[in-house]
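What follows is subunit A paired twice: with subunit B in the first complex and subunit C in the second.
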Partner chain A sequence: MITLFGVFLLTLLVITAFGIVRAQHLFVSVMLTGIFSLQMAAIFFILDAADVALTEAAVGAGVATVLMLSALALTENRERPTRPRWVPVIVVSATTLMVIYATFDKPLLGDPDAPVHQHVAPWYLENTPRLIDVPNVVTAILASFRGYDTLGELFVIFTAGIGVLFLMANPSKPGAVSLFAATEAEGLRHHLVPRVVGRLLVPFIVLFGLYVQFHGDYGPGGGFQAGALISAGVILYALVDGEGKALEAISPRFLRGMIAGGALLYVGVGIAGMLLGGNFLDYSVLAQDSIAGQHLGILLVEAGVGLTVTGTLLTVFHSFAARDQQER
Partner chain B sequence: MMELLLDIASWFLLIIGGAFVFIGGVGALRMPDFYTRMHAASLTDTLGTILVLTGIILQAGLTLATIKLVAIMVFLLLTSPTAAYALANAARLSGLAPERELSNEKRP
Partner chain C sequence: MEFLGLYNYWVFAILLMTGLYAVISRANLVKKLIGMSIFQSAVFLLYISMDKVEGGTAPIIQANAPDQLYSNPLPQVLILTAIVVGIATLSLGLAIVVRISEAYGTIEENEMREMDEE
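The block that comes next holds the complex of A and B.
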C-alpha cells in the first residue's frame, strides 16, 4: 500500500517538475513549486521522516511560496522566450542516466542491511535513551550528538539573513506603504472574508509553532520547523492586515536582534559548557544531573535555532516587500 | 455488533466522501468556464472533507486522534471556502467575466 502511494506521489512529482520547467508564466511556476514542496512533504512522511516533512511543508509550501511571489512582484510575470540550448540538455540527460544507473546498486527501501542502517544509526538508537533520554531520537541527534552540524546550519541561515539585509534592506520609514498596501486600500470591501479568516487563524498558527518548538524533544519538530511556522503566521498577518501592522508588532530592530540573538544563544550554550568544564556543545555539564543538562541544553539550543530562523525568514519577507515599494 | 455497525457507517461515509471528491475533480476538469469549475471543486471538496474525516473519526473511536481529526476538519472548513472565495474574488477583480451564454452548440 505504501509502495503504491510512493509510486503515485513520485509520478505526480515528476509531472509537477515538468510543469514548473515548461510553464512560461512565472506565477504558474511559483504555484507549482508550492505544490511540488507539498508532494515532497508527503513523500518524506511516508518515508517516516516526520521532522523533515514538517519542515518541507512549512518552508517549501508556505514561506518559500510567499517569498517567491514577493520576488515576482519585483520582476516580470513572463519568462523571456529562449532558444533551446543543447549543452544543458545533454548534460542533464547524461547525469540522469548515470543516476538511474547508480540506483541499480542501491539497497532496497527499508532494507535493514543497507549501509546507512549499519554505520552510526544503531549507536544513536541504542544510546539516546541512556545518554539523553528524549523520545525523539532525531532531536537528540540534531541538537546534541550532531550539535556542531546544526550550529553550522544555523550559521548558514544567519549568513543568508545578513546577505539579504545587505543586498535589499532599506531603512524602513515609519508608515511606509508596501507591496500589499494597494490591496489594503482598495480591497477592504472585497477581501473581507480572507481578512477575517486570516486574522482568526494567525494566533493558532503561532501557537502551533510554539508547540512544535517546545515539544520537539517528544514529537516531530524543533527550532527549524517552529521558526518556519511562526514566520508563516506573521507573514499571514502581514498579508491580511498590511505589512505596516506586522512591522509594528515585530519591529525590524527586534528582528535583527532575533537573528543575531539566536546564533549567540546557540554559541553561548556551547561556551557555557566549556566554562563549566566540558567540551564545546557538551550539555551534560549544564546541570547537576547529566540528563537534565542535556535536556536544558537541547531546549536552549532549539530556542536559538527558532529565534534565528524566524528572524531571518521575516527579515527576508520584509526586505522584498519594502523593495517593491521603493521601485514604484 | 456495535463495531460492525460503526464500520459500515464509516465505510459508507468514506465511499460517499470519496465519490464527492471524485465528482469535484471531474467537474473541475469538465465544467465550461472558470467560475463553474471553481464551484464544482470548492463545494464538493468541502462536503467530501466532512464526509471523509467523519468516516475516519468513526474508525478512530474516542482517542487523541479524534481530537486531532476534528481540529483538522475545523481548519479545513475555515480555510477551504476562504481560499475558494479569494480565488473567485481575485478572478472577478482582475476582470474575468463569467460566461453568460452556454448553449450546447457552442461546446463541441
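The block that comes next holds the complex of A and C.
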C-alpha cells in the first residue's frame, strides 16, 4: 500500500516538474514549485526521513516560494515564447535513457544488504546511544560526529546571506516606496480570511519552530528546521500585517547580529572545547562527564545554526521586499 | 512488485534531466534557476531513496524496542543541510537576477546578448 502511494506521489512529482518547465507564465511556475516541494516532503516522509521532510516542507513550500515571488515582482513574470530547440531535447532524452539503464545495477529500494548500509551507518546507529545518548541519530551525526561538515554548511549560508546583502543593499532614500508598501494600504490586512487565519497561525508557527529547535535531540528537528520554520512564520506576519510591522518586531540590525552571532557561537563552542583540552568541536570536555558535555555542545551548536539560518532567511526576504521599485 | 523497487531511481533520472532541460533550453534566467532547483531536488531524492531499509523506521532510537530496524541516518544528514544551503544559494541567484534586470531591463538571455553586441 505504502509502495503504491509512493509510486503515485512520484508520478505526480514528474507531472508537476513538466508543468513547471512548460508554463510560460512564471507565476504559475513558481506556485507549482511550492506544490512540487510539498510532494517531495511527503515522499521524504514515506522514505523514513522525518527531519528532511520537515525541512523541505518549511523551506521549499514556505520560504522559497515567497522569495521567488518577490524576485518576480522585481523583474517580470512572463517568459518570452521560445521556439522548441531539438538539440536539448535529444541530449536530455538520451541522457535520461542512459541513467535509467544504469539504475538496473542498483540494489532495489529498501534492500538491507545494499552497500550504502554496510559502511559507517551501522556504527553510528550502534554507538550513538553509548557515546552521545540522544535518541535522534540524525541530530547526533549532524551536530557532533560530523560537526565540521555542518560548520562548513553554516558558513556557506552565512556567505550567501552576506552576498545578498551586498547585492541588494539599498541606500534608503526618503520617500522610497517599498515593494510591500502596497500591503499596508490594500494588501492582505483588509482581506478578512488571510488576516484572521494568518494572525492566528503566526504565534503557533513560531512556537512550533522553537519546539523543533530545542527538542531536536529527541524527535525530528534541530537548528536548520527551526530556522526555516521561524522565518516562515515571521514572513507570514510580514505578508499579513505589512513589512514595517515585521521590521519593528525584529530590526534589521538584530537580524544581521543573528547571522554573525550564530556562526560565532558555533565556532566559539569549538574553540571552548580546544581551550578545555579537547579537540576542535569535541564537546566531551565541556562538562563534568562526556555525555553531559555532548548534550550541552549539541544544544549550543544547534542554537547557533538556528540563529544564522533564521537571520539569513529573514534578511534575504527583507532585502527583496525593501528593494526600491523606482530604481528599475 | 519487484520492478517498482527501481521506480524512485527512474523518477530521479527524469527529474534530473527535466531540470537540466530547463537550464539549457530556456533563455529566461528565473526559469533557469527554477530548473536548477528541480535538478537539485532530484539529487535529494536519489540520496533519500538510498537511505530506506525495508521494515525500518526513522532513525530515532526507541529504548523500549531493542530489535527495531532503522533507516540509514547519514544521507538524511547530508540532504538536511543541503536543502537549507540550497535556499541560501537560490536567494543569492535571485538577487543577481534582480540586479541584472535593473541593469538591462530584461531577464532574457538572448535579449541581453543583443544589447551587449550593439
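Assume the second predicted complex is superposed on the first by the 310 of 328 C-alpha atoms of A that agree within 3 Å, B and C clash if a C-alpha of one lies under 4 Å from a C-alpha of the other, contacts with A are read in each partner's own complex, and residues count from 1 in each chain.
The rule is simple: a residue touches a chain if its C-beta (ideal position, glycine included) is under 8 Å from a C-beta of that chain, and two chains touch if they have at least 3 such contacts.
Just so you know, these numbers come straight off a predicted model, no measurement behind them.
> In the superposed arrangement, does A:L26 touch subunit B (first), subunit C (second), both or neither?
Touch status of A:L26: second partner only.
> Using the superposition on chain A described above, determine whether A:V309 touches subunit B (first), subunit C (second), both, or neither.
second
> Just checking: does A:L201 make contact with subunit B only, subunit C only, both, or neither of them? Give me first, second, both or neither.
first
> Which of the two partners, first being subunit B and second being subunit C, lies in contact with A:E248: first, second, both, or neither?
neither
> Counting residues of subunit A in contact, which comes out ahead: subunit B or subunit C?
Touching more of subunit A: C.
> Touching subunit A in the complex: which residues of subunit C?
Per the stated touch rule, the residues are 1-2, 4-22, 24-28, 30-31, 34-35, 37-38, 41, 44-45, 48-63, 69-92, 94-99, 101-102, 105-108, 111.
> Give every residue of subunit B touching subunit A within the complex, in rising order.
So the residues of subunit B in touch with subunit A come to 75, 78-79, 82, 85-86, 89, 93.
> Please output the residues of subunit A touching subunit C within their complex, sorted ascending.
Residues of subunit A touching subunit C: 3, 6-7, 10-11, 13-14, 17-18, 20-21, 26, 29-30, 33, 36-37, 40, 43-44, 47-52, 55-56, 59-60, 63-64, 67-68, 70-72, 74-76, 79-80, 82, 85, 88-89, 91-93, 95-96, 99-100, 103-104, 106, 108-112, 114, 116-117, 120-121, 124-125, 128-129, 135-138, 141-142, 146, 149-150, 153, 156-157, 160-161, 163-164, 167-168, 218-220, 222, 224-225, 227-228, 309, 312-313, 316, 319-320, 323, 327-328.
> Residue numbers of subunit A touching subunit B in their complex, please.
187, 190-191, 193-194, 197-198, 200-201
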